[in-house]
Structure formats: C-alpha cells, structure tokens
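A quick write-up on the structure given underneath.
Chain naming follows the written order as A, B, C and D, and within any one chain the residues start at number 1.
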Amino acid sequence: MKVLVLQGSSRENGNTELLANLAVEGIPHTTIRLREKKILPILDQRHEPDGFAAVADDYDEVIEAVLAHDTLVFATPIYWYGMSGHMKNFVDRWSQSLRDKRYAFKDALGQKQAYVITTGGDEPRIKGLPLIQQFQYIFSFVGMPFAGYIIGEGNKPGEIMEDEKAVADAERLRDRLLAT
Amino acid sequence: MKVLVLQGSSRENGNTELLANLAVEGIPHTTIRLREKKILPILDQRHEPDGFAAVADDYDEVIEAVLAHDTLVFATPIYWYGMSGHMKNFVDRWSQSLRDKRYAFKDALGQKQAYVITTGGDEPRIKGLPLIQQFQYIFSFVGMPFAGYIIGEGNKPGEIMEDEKAVADAERLRDRLLAT
Amino acid sequence: MKVLVLQGSSRENGNTELLANLAVEGIPHTTIRLREKKILPILDQRHEPDGFAAVADDYDEVIEAVLAHDTLVFATPIYWYGMSGHMKNFVDRWSQSLRDKRYAFKDALGQKQAYVITTGGDEPRIKGLPLIQQFQYIFSFVGMPFAGYIIGEGNKPGEIMEDEKAVADAERLRDRLLAT
Amino acid sequence: MKVLVLQGSSRENGNTELLANLAVEGIPHTTIRLREKKILPILDQRHEPDGFAAVADDYDEVIEAVLAHDTLVFATPIYWYGMSGHMKNFVDRWSQSLRDKRYAFKDALGQKQAYVITTGGDEPRIKGLPLIQQFQYIFSFVGMPFAGYIIGEGNKPGEIMEDEKAVADAERLRDRLLAT
C-alpha cells in the first residue's frame, strides 16, 4: 500500500496539515502540497474538435503521482464551506485526464481508496457536510471507493490538536492504513 | 438596482453563460468573466503578524465591481459537483477582503442580494444540492440574503435551452430583476 | 399512465394539497390521504426468525394502490425539515413489503416514476434540500427513477398559490404528465 | 446534568440502542423508548381558530420528561435515510408544544444540549448526512445547541459493537457527559 497525501492547504503547518501528518505518521507516504505546484484552472475544451490542449504546468506530474499510489488522502481546509481553490483547480482538471489517452484514468482510480481529511473553524461537523457529499459524488463518478473521512475543528494555528475526536480519528486511520 | 454577473465558466458561450444571459437579457448589467481575470488562489495569511500581503492580480478590480453593484449573480457550471475553480479561487480570496481596511466588505455584502445560476450534466438538480448548500453557508457568513437559485441541466453546447424548467426560471428571475 | 398522489399532509386543503392538486388537475389520478388511513409505525422484525408479522391496519391497501399505478407523487409538507410523520410511517413500512412474498415490491417500484411535491414556510428551497436528498436515497434504494421535485413556499392556508415559481413548476409537471 | 435518551428504535436491543446505552453507561439517565409510548402523528391545527385540541396519548408525558432534563440524546436508527417514524411523530408534535401555554417550550429547549446518535446499515456516514442536517435545522429552529452527533454502522443485531469508530465516539461522549 502506497499512500499519497494531496495537501490542499495554502498555509504551512496549518491545522489540516497537522491532522493529515498525524494520520500518516510512521507510514511511508508521499505528500504533495498543491500550493507548491503550478496548477492552472481548467479551460473546458471537452467540446472542442481537438479536445484538450496540453497545459504547461505541474498538473501531469501530480496526476502521475496519483496513479503511482494506492491510497489517496485528500487533505483540505474548509475554505468558504468547500475545498480550497488549490484543490478545486486540481480536481477540475480531472476532466482533462479522463480524456487523456496516455492514462486509463478512471479505471486506475477505481482501484484506489480515497480518504478525506478536512478541518475548519465554523462548525465544520455540520457546515462541512456539503463538502463531504461533494467528495462522495466526485469519488462515485470515477468509481473510487470513499473509504472514510475525518472532520476536525480548529481555527488558530495548532488548535486542531485540541480536538480530541479528530485526533482519535486520525490515529484510528493511521492504524487502519498500517494494517493494510 | 445594478446587476453584476460573476461568470465562473471556463468556456465561452457555455450553458451556464447562456442561462445567465437569458436571466439578465434587457436588463442593464455588468458581466465579469472570471476566466478572463488573473485571480490567484489564496495564500492564507490570516495568522501572520502583518496579515495579508497585497497580491498583484485582478482580484481587487473584481471586488470593486462587486461593491459597486446591488445584485450579484453567481453563475457557475457544476464542475465536479461544486463551483468552478475559477469561482472558488475568487471566493476564497474574500478572506482577504474581510480584513482589508479599505473596505467594509461584510457590511457592504449584507446590503446586496445574491442569486446563483448553475448548470450541470449529471443530475444537477440532485447532485448540485451540496453546492447550493455551500452557497447558503457562504452568503449566510457574510450576511448577504440568498434571494434565489436556478439549477439547469445541460451537457453539450447550447443544450440548456432545451431545459424548459431552467429557461422558465431564468425568465422569471429576469421579471423579478426588472421589477426591482 | 396511472397517477397516484400519496398525500402526507395532516391538514385538509393545506398548501401541499393545493399544489399537488394543481399538478394533477385534469389528469385521471387517485389521491390517497395518508392521514385518513391507519398506518402504524414499523416494528422492525427483519431479524426475527419468522420475519414480519402481519399488521392489522390499512398499510397493505395503500401498497396495493402503489403497485397499481405507474407514477407516484409523494406530496408532503415539510414538517420539521423532513417529511410528515404520516408519510414516514408509511415509507418505514416498505421494509416489510420488501420481504412480503405476495409482491415483487422492489422490482415493481423500479418500473415506476417518482415525483416529490413539498411545501414549507421556513426557507423551504434551502432547508428542504436534505429532504430531497433523503428521497433520492429512498428512490435509489428501490431503483425507482426520481423524475422530479417541486418545492413550494407557503405558510398560511392558500399562500402557496402566490408562489409563482411553485405554481409554474406544478403546471409544467401537469403538462409533462399529460404528455406521457 | 440530567440526561434523557429519546430512543426512536422500533426493535429491542437494536444497534442504536446498544450504542446509546454505551454512551450513557454509568451515567444517571432516563431512557424513553418512543415505541412503548402512544404518540399519534400530528394533526396540523396551527391555523384553526382554537388552535390545537388536546390529544389523548402519551405525548405530553414525554414532553414533560424532556423539560425535566438538561441533555437530550436523540437516538434513532436510520430508517429509509431518515429518523424513524416513531421519532418523527414525536418531533412533529413539537408544533403543538410550541403553542402550548402550559410551557415555554422553545425557551426551555434553548437551555438544553442536544446530541444525536444514529446507526444504519447502508453507508450511514454518507447517506445519514441529510438526517444530521435535518436535526441541525430542527435544533436551530428551537435555539437548542447541537452539541454533537455519532453515526454508527451496523445491520445485524449487535454489529454496531464492531464499528470501532462509533464505539470510540460513544465512549468519548460518555466522558464528556461525565465531565459536565
């Protein structure tokens, strides 16, 4: 089992990053901080005669990492009750990968396991639920099992470590990842 | 009443654009296509001693247009069961405007009316509901009344005009905007 | 096409009833007012050796009407952000029908079309969305296509007729039912 | 702190009951099994000149227990992606209590803490989310803080005890209740 953390936070050592780090502590894994990659918003060319044009940015590199791992952890702060723009820009581009002849993108995702780790400061266990539902639709569309999610509450730097439930959930996820 | 359409589509003359155009046909309005603006994803500096640093892109220009209008129409295709990355990048940056001393951003938004127009190809009236709930939380956070939303179904270019319900909804919205 | 309205309102001529009546005006249909039937809450006997015991109430009579129609309109006021208890008691009992050897209940439902008509007084187009999502899961479980829904706003008796959007939606549904 | 468990399950020793028992083990509490009470579905008389007529059933007795406790645990299995009919019948009747001059029902609820414990067999952590959102709207309407929720997965009798996350959540809730 090879674990890839797709980190959508825009801030170093933010609460989402701390919680995701906890979940993969001691487990061999790769973390990609989407904020350190250049990933342009999608240009929808699904209906162009020639389809999508190649884009000169880091997107393909991230997709290749996705394809090379078995377990994907989508870690994103709740920004405005959704995933961060960094992560949304990345996911939107999947429309391009679905049509990319170099990959069997959808088939490959269907063989993986997806987890979501998200944190927010404004009642995240309620107001983060539309985001969870959105991820469910995303994963379902590509046939990737949604193996679990963790919602943590924290606002100030480091505050997430005081959310006992989120910490326990992250530790349980770590045990689960270790066992597979 | 001054109407601003914030257009989140990445494609010219996409279904969302057609539906939004219908809703404001014959009404003086401004449309900003977010894809034509350079709006960087947020860098979360809420917890930095000096707060947010100025960003050299078109974001402030769009915000000034927002502040100069009374009615905001958030028009976005449903990309991966959420708003487009273009629009998400824009909304994420509101965290910066909330702390920008040049504006009383939240107070100003509280005086406006927000509408959402969205279209999608995969059961949008069901699978677009988390997006509507997300907008509700967004608008509620800034105290801006959520005056209504339209969900349309369409995939191929132009298909939205065959969605009788969406077309009727857009025409009704136009009548409502005309009457105010 | 044979249309059955399952009316979950507890009040005569309530807003939900008015809106549902409008949607089937001029169309041969049957209406069952669940409040006029004796339908007991379920006693979960799924795990009993002998399964469900027969219940002496009107439930089977309603199910037989369901089976005898092609189009089912679930009409319920939004009570406390969900379907009425009258309707929930009825739906809960489906667990019994799924195991009832007299019927191929699930197969039969899979051949029908389901619509939802619901009205409420407290921002129903937002706060009624969890109910729509619940119906989606219900219909999906039994494989019954969710052909559409109407959410209306009204509180005082008759107020629904002032909700232009709901009225237009009901008329459009009527046209659609007439055309099939 | 006085704890009342409102038990909505229709089955003795069902998974929801086991999980709720675990959460209050060793804590003085009252459990009311709604299935053992006679609680009729509401008859909506909000708009009658004389308002609601008295109903000869056990509802008032349950409400008086509600009023006599500080912490309310709404324990319900997920039946058809919502609360059980037993519980819905009970909640629907709150419309009556809101207008009952014997109580200051809403004010009293605003002084309490509400928890939800729910279990289901079909992806409850995803498909139970509309139910959580519904409870959020319910509690918000009466101004009662939504202090937390637990979603457990189990289908066969006793299976919930194998859901490590739900068990840990119940134990954490117990600690929290003990500490207050």
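Definition applied: contacts are C-beta pairs under 8 Å (C-beta built on N, C-alpha and C of every residue); 3 or more make two chains touch, one makes a residue touch a chain.
Small disclaimer: the values here were computed from a predicted structure and weren't measured.
**Student:** Going by the stated contact rule, which chains contact chain C and chain D alike?
**Tutor:** none
**Student:** Residue numbers at the chain A-chain B interface: does the shared fraction exceed half, giving same, or fall under half, giving different?
**Tutor:** Comparing the two copies, chain A and chain B contact each other through largely the same residue numbers, since over half are shared.
**Student:** Taking each chain's centre as the mean position of its Cα atoms, how many Å separate chain B from chain C?
**Tutor:** For chain B versus chain C, the centre distance works out to 34 Å.
**Student:** Can you work out the whole-Å distance between the CA centroids of chain B and chain D?
**Tutor:** Roughly 38 Å separates the two chain centres.
**Student:** What whole-number Å value describes the gap between the mean CA coordinates of chain A and chain B?
**Tutor:** Chain A and chain B have C-alpha centres separated by 24 Å.
**Student:** Going by the touch rule set out above, which residues of chain B reach two or more other chains?
**Tutor:** In chain B, the residues touching two or more other chains are 129, 133.
**Student:** Once you've mapped the touching chain pairs, tell me: line, ring, star, complete or other?
**Tutor:** Its topology is that of a ring.
**Student:** Where do chains touch, given as pairs?
**Tutor:** Pairs flagged as touching, ordered by label: A-B, A-D, B-C, C-D.
**Student:** Contact residues on chain A for chain B in the complex?
**Tutor:** 9-11, 14, 35, 41-45, 47, 77, 79-86, 88-89, 91-92, 94-95, 122, 127, 129-131, 133-134, 137-138, 141, 156-157
**Student:** Across the complex, what residues on chain A touch chain D?
**Tutor:** Residue positions touching the partner: 125-126, 129, 132-133, 136, 146, 148-149, 164-165, 168-169, 172.
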